[in-house]
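We call the chains A, B and C, going by the order they appear; numbering starts again at 1 in every chain.
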């Protein structure tokens, strides 16, 4: 049962002091003053409020507040006095505590059974900077930051429409954190929205630390290798997904947003594809797809061909491989596994290493895995190229999570190729394809619109011209699926 | 899910699907088969996998070809594989006996043999021939063989006889195998050995005769043809063979030849080519080798295989009367 | 590239989504039909008929087409959309259950045959080490991961272009080995062999009846699917006979040898490609058979229980415990009879429907 706020200020003070652990929590401050002829107390947390604003625009007017007439209301008088900031009332102690934790200055006045929380927040936060993991050549260079307010503002700037709804809620039972569910009212599918809200309501945890943790709590298949939600740092990408009827979750403290539902194509597309002309966009996508396939298949294919199906390889290549392999102490499967592990280690180390020593790492890894390893006959030169190309391919995957999934899949396919040759790889890929097609994202098929077929724009693997992309996608729940009425290039008689 | 993974792992371990490391396999580039004193001898030319190349010859013998091949597998320093075989050479002594068709069939039935292997016949000493098989350029004998065979086939002096083609001809056509010669430490591919309908080689065609046979199949482009009367630079050829039906007693070959230069007049050239071709066809008939595939045309008029066997093509073919007509025209 | 779609109501949206799911399911049925037909042609008809197998396959399609036509006629006169509904209307709930059970059993037999062919390809054709049972266990373990209600159909739909591309690529490489005389002599080994081949392949086209279990929203789709199945089962034996002479076709009587006949003289890379294609197709066909058998057996109950597909798969795997040659002989004795119960069913339906119409 929640402790209500009482008209007796002494009891409220005692309750607040206990709830905020003021005796051992030096960040929790209280200022006692008089207002409207009554005792009052102001509670705030140091570091999250603007003390200057607090002094000038909250404390000063309140301290000077006098009762004008006998009939005048205290609440009205306070609202009129403090007009520079937003006021929210709290009816119980826990709510008042939450407001203090969220950066508000909460005022208790003797005789009032509500507390007033004034928005004087001024968190220390990072400015808007380019996204770290989703760089593009063409397109904006703004990324979300840890402030939920800033992130929402960035989206509202791109889509300045009242149809863009941002429902605020908190998640985490013990240590709640703010979460904003954003969607376009005239684009979102009501069933998807209801499903998502039900999942959010069903999350029972004390605190959600990051957007990745939230993803794991609400995604359809947490044991699947492939992520079923899209994490993005880019407001433009999030906005384009809002237009398609998807739902964006913005979590306070996370510089990425979570988008649902998604499909595998969303994980492979980048904003560059749309910003560039359709020929370039298609070309980049095909290269990226080739890179992904190389990353997945190349190491396993190499081992399978050399070990199980040498008849497929040209004999000159085969002889060259075997000549250099005869001097290497390890078998080809072991060598390939070692090289892949080393490349993954370098990748991981270069992510963690401080930038000042980054160049040293590059030199060391280049030396270790390059010429020295080949000269020492620890690895095979062709294998080095194969592993390097496949690693490059995995880094070409736009989505970080999918890139990791590709790297794990690469190892699994390598195992299949080492044990069963190409046949094992084929069966594994078939099973993987079926599993991919069985995946859902918020109930929508993950491999759509390819399988099952859904009405879609010509924007799957090849990116057709923008003026041909007339539909909202299969994820939208609108009555009208047309994005444009008539031709988009109405001025052009040939290319409409 | 855990159960699936456990089952997968258990099954994987039970299957013992461990592959042999690639460097522990000897991929034979050439295989030679001969027979002396009732004993089959087989030779294989395998790389030594040293940096810079290097090949060695291993050999084995046995009372039957199968046992000889088994002994060869045992004699190889590593597991012997025929997946990358380039040349399958039979001694003439084997090719001219009734054991030849079964020898080919036995080798073709090996699950790992490369069906695109070229099949050849030689009268040279097999051991010497194998030892002298070295790359003409570079360090790869396989590439050297491929280039050499491709050159000779394009020149028309050797037939394109792969194991797959030999087997695939069935009863409808007969193959002409390559002829390998060896002298003064060098080996060369020149001429052909027509295989009779009973699977035995009885004749040997020279390089010039082989060129004429290639001409009659229409597979000649930009080649110099040397005839007794003179030479001609052939630009391209189209040829058509027609079997007279329903009697099947005669066959006509119509050749249309375009040349860029010739030391003979058109009429003389036409006569010379026709006469030379007729000579080759008569030799093929004598050897009972249906190299032009008349059997394919004959079988198209048969109702079923019983009728085909009743036709007794093996005895009918040598009785066929040949005629050759050659049309020549200078290239524009 | 449809860019003029305008979907107004939630019901229409649901219908559009359902159409996508039906497409995926029809591709799975189509794949199963083609694999079943080609397997029977390669393993039963070609070893007997040789170069005449292409037109014998055409003839063997006729009984299946006739049964399909009769059932279609029955459905039309009873004004029903699927085969099960038609039987239910004619004979009541029991009839619907019977046809579902019958189709389930037929699918089980077909699935067993496909699995046997797949395992034999592994053990004898490809030369993998390992016993028949352990490879069957392994294949089943991989299949277990695929037995999702919609995943298999969607996976087949996604992979259809890959399989078609691989087949066309292999065909392109084989074009140079085509000899028109391969089609001759037309009667092959003669009348007795033709009779035996016809008897072995009389139920060749029974899987086409499965198309009648699909929803009736898209009638033109059924025709296209049936045409695709017919085209595949003519094209493959035709391509075989054009590239491999009759004398070699009738030599392969072993299961693995027959299945791998199209790869006999292919280039090594093309041979590996074709073997992978065959394996993939058989793998998906086994999965499809298991899933469809489960759906048919449980059709009267609605949603099948979760454990049932695994039980059916376990049954199929257990069949591999039998000696493969005896298993193949048993299947060979059963396969020619698969169309008979469907033909009886068709006749029964038509008679009952006509009788009821006259009575009305």
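In this section, a contact is a pair of C-beta atoms (placed from the backbone, for glycine too) under 8 Å apart; a residue touches a chain by one contact, two chains touch by 3 or more.
Just so it is clear, the model here is predicted, and its values are computed rather than measured.
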By mean Cα position, the chain sitting nearest the middle: C
Reference chain B; chain at largest CA-centroid distance: A
Gap in Å, rounded to a whole number, between the CA centres of chain B and chain A: 65
Between chain C and chain A, distance of the C-alpha-averaged centres to the nearest whole Å: 45
Length of the line joining the C-alpha centres of chain B and chain C, rounded to whole Å: 41
Multi-chain contact sites of chain A, meaning residues that touch two or more partners: 311, 420
Where chain B touches two or more other chains, by residue: 12, 15, 17-18, 83, 114
Residue numbers of chain C (touch at least two other chains): 128, 142, 145, 268
Of all residues in chain B, those that touch chain A in their complex: 1, 12, 15, 17-23, 25, 27, 29, 47, 49-51, 53, 81, 83-84, 86, 112, 114, 140, 142-143
Interfacial residue positions of chain C with respect to chain A in the complex: 1-9, 13, 16-17, 19-21, 23-24, 122, 126, 128, 139, 142-143, 145-146, 148-155, 157-159, 268-269, 272, 275-276, 279-280, 283-284, 287
In the complex, chain A residues that touch chain C: 309, 311-312, 420, 422-423, 426-428, 430-431, 433-438, 445, 447-455, 457-458, 464, 468-471, 474, 477, 479-482
Contact footprint of chain B on chain C as seen in their complex: 50, 127-131, 134-135, 137-138, 141-142, 144-145, 177, 179-181, 184-191, 243-248, 265, 267-268
Chain B to chain C touching residues, read off their complex: 4, 7-8, 11-12, 14-18, 83, 111, 114-116, 164, 167-172, 296-297, 299-308
